[in-house]
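Handing you a structure now.
Note that the chains take the letters A, B, C, D and E in the order they are written out, and that residue 1 is the start of every chain.
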Amino acid sequence: VQSQRGEDNGQTMVFGAPGAPALFDPFYASDGETFRVTRQMMEGLVGFESGGVEVEPELATDWNSSDDGTKWTFQLREGVKFHDGTDFNAEAVCANFERWYNQTGTGQSSALSYYWIETFGGFAGDDEPSLFSSCEAPDPTTAVINLTRATSKFPAALGLDSFSMQSPTAMKKYEADKVEAKGSGFEYSEYARKHPTGTGPFEFDSYDQNNQSVELRRNDDYWGDKAKLDRLIFKVISDESVRKQELLSGGIDGYDFPNPADLDSLRQQDFNVQVREPFNVLYLGMSQKKNPALRKLKVRKALAYAVNRENLVNANLPDGAKVANLFYPSSVDGYADDVAKYSYDPEKAKRLLNEAGHSDLTIEFWWPTQVTRPYMPDPRGIFNSLAGDMRKAGINVKPVSKPWNGGYISDVNKGDAEVFLLGWTGDYNSPDNFIGTFFGSTENQFYTKPAPWGEKLANRLDAADKEPDPTKRERMYTEINRDLKSKYLPAVPLSHSPPAIVTAPHVKGLVTSPLTAEEFASVSIEK
Amino acid sequence: MTDSSRTITGAETSPVGTDPADTLVEIDDLRVHFPIKRGIVLDRTVGHVYAVDGVSLRVGRGETYGLVGESGCGKSTLGKAVLRLERPTGGSIRFDGTDMARMSGEPLRRMRRRMQMVFQDTLSSLDPRQSVESLLVEGMRAHGLDRDGKSTERELRELLSSVGLPASALRKYPHEFSGGQRQRIGIARALAVRPDLVVADEPVSALDVSVQAQVLNLLEDLQEEFGLTYLVIAHDLAVVRHVARRIGVMYLGGLVEESDSDVLYEQPLHPYTRALLSAVPVPEPEVEDQRERILLSGDLPSPAAPPTGCRFHTRCPWRQPTRCDSERPELRDVGGGHRVACHYAEEIRDGIITPNSVEGNSSAGVS
Amino acid sequence: MALLEVRDLSVRFVRKSEPTVSAVDGVSFDVHPGSTVGLVGESGCGKSVTSLAIMGLLPGRGTEVTGSVNLEGSELLRLSRREFDRRRGKDLGMVFQDPLTSLNPVVPIGLQISEVIERHRGLSRRDASREAAKLLERVGIPDPDRRLKEYSHQLSGGMRQRALIAMALACEPRLLIADEPTTALDVTIQAQILTLLKELVAETGTALIMITHDLGVVAGMCDEVNVLYAGRIVERAQRHELFSQPRHPYTAGLMASVPRLDSPRGQRLAPIEGSVADNIPWEGGCAFSPRCGNALAVCRERAPELETVEQGRLLRCHNPIGAAEMERAHD
Amino acid sequence: MLGTQRKERIDGLAESGGDTTAGVSLAASAWRRLRRSPTFLVGAGIICAFVLLALVSPLLAQHDPALRLLEEQVSRADNEIPAPQPGFPLGGDQYGRPLLSRVLLGSQQTLLVALLATVIGLGGGLTLGILAGAFGGWVDTLVMRVVDVMLSVPSLLLAVSIGALFQQQSQFTVIIAVATVQIPIFGRLLRGTMLAQRASDHVLAARALGVRQRSIVFRHMLPNALGPVIVQATLMLAVAIIDAAALSFLGLGAADTSTPEWGQMLGSAQNFFDTHPHLAFWPAGCIIVVALGFTLVGESMRDALDPKKRR
Amino acid sequence: MLRYTVRRLGQLLIVTVVLSVLLFGWLRALPGGPVSALLGERATEESRARLVQQLGLDQPLYVQYWKFVQRAITGDFGVSTGVQPGTPAMEVFLQRMPATLELSVLALLLAVAVGIPLGYFAARRQGGWLDNLSITWSLIGVAVPVFFLAFLLKYVFAIEFGVLPASGRQAAGIDATHATGFFVLDGVLTTEWDAAWNALIHLLLPAIALSTIPFAVIFRLTRASVLDVVEEDYVRTARSKGLGAMVVRGRHILRNAMLPVVTTIGLQTGALLSGAVLTEQVFNIPGIGQALSLGFQRQDYAVLQVVILATAMVYVLVNLLVDLAYAAIDPRLRTR
């Protein structure tokens, strides 16, 4: 750092991030703040198109799968080197896969290998069979991945940041797999803290914990278009209004997740506010565990009619938010437009409740405090709005609020919350990533176990996931979507809110991603 | 703890005129030691303040006993111990034949009716938030003496008039009175429960000279009227001599001399008493001009670390090389109920031993 | 010629929202070199205020001082603050009543003494400190070098008072004022201090104003005694005359109410009735009249003047004790 | 015996004693000085005004503060918050609730929170203080160690820690959190004054009279020890209001905001500070003025009760 | 003196032990917990149970506590899960402490540098305009919630006028070397003057906001204490000796008047630490105050444990130091 002092530093961009990265080894990570940094330094076999969700080649130039969908062959890009100077080749690919598959002990914790477990299931030596079977490197530019069964997740899942390719040499040198549970958290390896090594356009420079900023520098040996910035700094600013003030006062060049209330004034001051395509969903969850009334479809429908989603989107959600008809946005496969819509109708809600014999329905309505999420920028406002609607439909609402991490998440996940607010941000383009996680199990937040269709729905989702034929699969998902809205209605999708990103006028070339997976290689500063 | 002083049995030291049957208070080898505490979690005792250390005396019924001594020598502590306001560390206190030292709880509380205290600080000894009436009634109520309102009322009036206050004082608060009047209220409060014994701890030293005399006279009058027994504590020898028939002189937790007040003035035996008597200024220029002053060197040693042997030997102009610093003299009767705690009392009296200059202090000795 | 001439000294405390207090009211007296003048009286009669007025130490605001205080020909009341600072400690010294509170608890005794020497005698810190040790020795504090470094709380009451005396005498002032120097001390210690004061005054020829409420102290120390009541001098006489025949009823009352060591027991005290609180202001007649056994009707109407009644005796009374016999004697 | 004549004289003196004696009771003279102190008058004026406001606010407020009457005018997307308009002199808050009614009715909750917190804190402190001060010995040691540990955690930390313990955040949790901070303070204070009382002559006198322990504690010690405690309580009311606001600011305030409270209004207005500062200014202004009022009264009472300041 | 120090250190130890037990129990009583924090909203019951077992959170409390103590003695307080996930909690604390210290020290310096002289002069001219003005100022200062004042300052100076930075400890673009973690000091040590200056101006607003309450307390105490001391007998004695005004003021008035002020400065550490929680939040300063509020939001046991324990220890220790300092300037205590 010292060496550069006093010289013209060239182009530097400072970006305000809402949280600190936990580590720099994406495999053990599952949070956006970590990925935001590692994404600039590392690449996967496949990537997502700039500004969209479709899969496109990255470190693999081409791929194909066997007919049964279990054998995937990847053609690798040539002449790619890791930041430490070692070659990227098929052996490196297999070394990465084998590292993931052979995690032991602490490494198998779902708090660490979350995406592996979500995508591939188990590890070597587990009773539960893993989706991954083996990796072969017939020649340096060909890698073959063998799976135990077909899955809808492939190859898109390989675009997840967790599955970025990292230098086997560096990982070995700095003991990347050495994670330990200490007290109530994990202590990461030296690799993960100080020496992340990938192939991306930026390489790791330093993490100044005193000042809470991560500094990356340009990788001058990058295989593709070199980054335009010399340095990219992520500065952690947890408070959204502080992020805004820093931008206004010139302390940073851009930041993520602005307060929706600020967008307007930012625009007026010539800041570049980019609203991403929404890739998330906010829903009104219902658990069939505690309150028997909620096991009745009519009651659930009544709730769907009772809430005024148009008004919700207007008054409480940011610019560009949409009413949700399904549990995922239209850019995801299997989207169906022709589903039951449940437009706002309190009278009908009352009628339905009457018919169900619950004209004086009382529900516990749970909402979280001490949190904002991209799909839920103001939980209190959203709760207020919905609770008001329900009361208008004659429903007795008993509000229950808990801190997000102080009991809300854990209780909701146990199925203890009768009616609750929650949502999901998608990882990649796959219906399974949304409704598969929601309803693939019958004993989760929705607790569909008592429902006659609970098990069936889970099975249908599983079957769709395993279907190797993309067209057929898409049809199956469409069907499920229709039934979800009309026959099952385990929850009421409310809205899709687009998270925005703001940059100063002199920042050019930032392409937003619905997955909030922006890459800064294309960005330049033009003052 | 000290072990040098042995109990002096009543028979041989019984003062004249107070045969055992007429003794109201009988104190034997009384000790009150205050622990000095220090500690990290729970306080440990690291030493003691020997506030009262082996005092024996008796006060006859209807008598006035005066106690003098320098500041910090344990006079107040002794007074409080007699009333059992301080728990004695050792020794016995017999009040009218009952041993008070081990008494506690309800019996002690009931016993308290018979002995009362008058304090030095007239303002702080009266609860500023209570009217004079409630101050006076409180004690009566605590001992069930206020049977019906009318008679209580009458009693209060009589009480006030006997201490020289108007009945209208009842509804007033302590701060509305002058120092002398407050002391009268303090005395009335003590008398309200019709005690036998009144311990007066420096009852006049906070008052102006002119008012002092009023209160001293009042105390005398009340003794006559109610047949009270007084234990009067003061640092002013003239005051004590004026009111008390018997006087005890205290030095550093112990009694050094006790005798009839006239005898004490005429023939003090203990060196400390002599020094004390010679130091008290007399408002008479002729006397002052001719007086021989015995000037003591230094100050009262700390009661937490009293000197060995005779407590007074560090300041005594008559100190002898033997015995004084090793053996604690007992209080012994030198005739006629005159008791003194000095090994060489007779020799000093007879002029066999003369004062020597104590080193380290230029102004010591006789001047 | 007198060393100090106090003429018509009056001090009034003027407070917003509170009635004005006339603490000292037309006090005049002289102090001759080498003599000791006593001021006696009950609490609140204005003794301390008089001494503070002479020293120029009364609080500036809300205080009205009138009259004149003349020390060796220079008018003290008209001195500027800085000029006064140069005189105090050098020409005038003062010993206060409570030795504990009168010493600075956080400054070593030695420095508190040597700072006066430094200031007025222009010595260096080291020389001043050597002088201070000598002074301590002289007031009878053993091991002065060690004591110099100690703080007031480490000294006993008697030693503190000695240290204060050393301070006041450091520059050998012409006049020393001692305001109840022994009231806070035990009798045995009091005797030490009084003896010391007497010795020092005799040695240095310093004039002394002795303030006390204790008649016994006055009897042994003073050449001339002023008795104060409610801010005014009510009687002045040489001590032998005063004690052998007090003329003012107040003086007589004071003497009769003090229990005396040498009086036979059983003799009843004759107190002055009432208390200082019964004062009436002098404008309303004699301030002592409500407590006075000799009071006449005129006492209530007109305040008496201070008059010379015989050689060396001044009296402020319409009906002094012994007036009748005197008149008879005259006839 | 005293002669009757002299008695009468003294009677006369006692009669006149009331107005001639220098000593006037502490409380009475304190009150006399208070009445003249501008600090006190301003502070008391403020407090009276706000207490009055709290009492009549239900009459003054034209709307139910919980209702989102102006919800249609709220737009998150365009950052619109209802502007002042007929019937709504201050406009609405970020949820479209009538701001004026909320500010008015907020006085009730705010004063209530502060009062309850202080009363609970005082109650706890009194209990500890009485235990320690009246009994002394090991009870004292034990109680004081507990108090020491509580005092060794900086106050806001303690409040936050206590507030975080509750699953559901409500006005109640705020009260408890704020009260907990006050307990050791009151406890220590009261213990100190009680110990001083215990050693005082008038308590000794009562003991010598044979008055029962309970009556000594409650009739003699406590009333005389309360002066500084009352002053402290007044100051604590101000602290409680500010602490409650700080808790709201840190996200530990009441979750349900339908009943307005200034601290919580201020806390939830922080996100709008840049664009709609009036949302913060109203509650903040009220908090500052009320806190100032209590501080002024407390300070002037402390000055008035300070024996050094008499004369 | 030594005995006293040892005694006080013993008390510190006891406070620490008791506090650690309380903290441990208390943190476990908190709803939610680190498991929720680690797994986030995507947790399933099963993964939760597994993690609980992995982290040993299913063992009896006393076993957990014993393990905690064993590790804590070696300085290992576990790893942060929410504030700076993955970093050992002790490290988090050590990295953030300098920021808070820097801020608190500057705030205290401001409070002392303004409060004491102002207090002295206000007392000497009691009732004058300076006196009334500063009393009013100090009273209002106490009534304004710290965070609101911080907001106001930021709004006016950083946003409206843009003369001072709005947040953080140092501009990210400045390439500064950080050796001690005290940025101003770092800048001075490495002679990176621009970095030092930058860090200093970042500190200014938060320090001003933070200093209001200590200022008010120190000012008023100084004033009251000077008023008291001026009436003391020993000041009269000093005057009676004819000493110069400077000596009377310095040696006799101020030296005594400062005694209670010194104690208060120690007590103000508590107020400073409380205030830092709020100020750091407003100004986004990565100090322990922020660590605390984030720790609560994100249920970071490890960090909360270290920070609260360490804060309490610092507080007790500072008060011990102040008491020792007090004893050093007050000879009455020194010899005890």
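To be clear about the criterion, a contact is a pair of C-beta atoms (placed from the backbone, for glycine too) under 8 Å apart; a residue touches a chain by one contact, two chains touch by 3 or more.
Everything numeric here is computed off the predicted structure, so don't read it as measured data.
Between subunit C and subunit E, the least number of touching-chain steps is 1.
The chain pair with the larger count of C-beta pairs in contact, out of A-E and B-D, is A-E.
Placing every chain at the mean of its C-alpha atoms, the farthest one from subunit B is found to be A.
Chain centres here are Cα means. That of subunit A falls 48 Å from that of subunit D. Here the CA centre of subunit D is 25 Å from the CA centre of subunit E. Annotation: 50 Å between the Cα-based centres of subunit C and subunit D.
We define each chain's centre as the mean of its Cα atoms; on that basis subunit B and subunit C are separated by 32 Å. For subunit A, the set of residues touching two or more other chains reads 245, 370, 402-403, 406-407. In subunit C, the residues that touch at least two other chains are 273, 275, 277. Listed for subunit D are residues 6, 10, 13, 17, 21, 145, 164, 167, 251, 270, 273-274, each touching two or more other chains.
On the side of subunit D, the complex with subunit E involves touching residues 145, 148-149, 152-157, 160-161, 164-165, 167, 238, 242, 245-246, 249-252, 266, 270, 273-274, 277, 280, 284, 287-289, 291-292, 295-296, 299, 308. Residues 30-45, 47-48, 50-51, 54-57, 68, 71, 76-89, 91-92, 95-96, 98-99, 154, 158-159, 162, 165-173, 175-178, 181, 183, 190, 192, 281-284, 286, 290, 294, 297-302 of subunit E are the ones touching subunit A in the complex. Residue ranges on subunit C touching subunit E, taken from their complex, read 52, 55, 57, 84-90, 92-94, 96, 98, 101-108, 111, 115-116, 119-120, 151, 153-154, 164, 167-168, 170.
Residue ranges on subunit A touching subunit E, taken from their complex, read 1-2, 4-5, 9, 12, 14, 20, 22-23, 30-31, 106, 109-111, 114, 117, 181-188, 192-193, 208-213, 233, 235-239, 242, 245-246, 248-249, 251-252, 370-371, 373, 402-410, 413-414, 422, 424, 437, 441, 443-444. Those residues of subunit C that touch subunit B in the shared complex are 42-43, 140, 142, 156-159, 186-192, 194-196, 199, 213-220, 239-240, 243, 253-265, 268-273, 275-277, 291.
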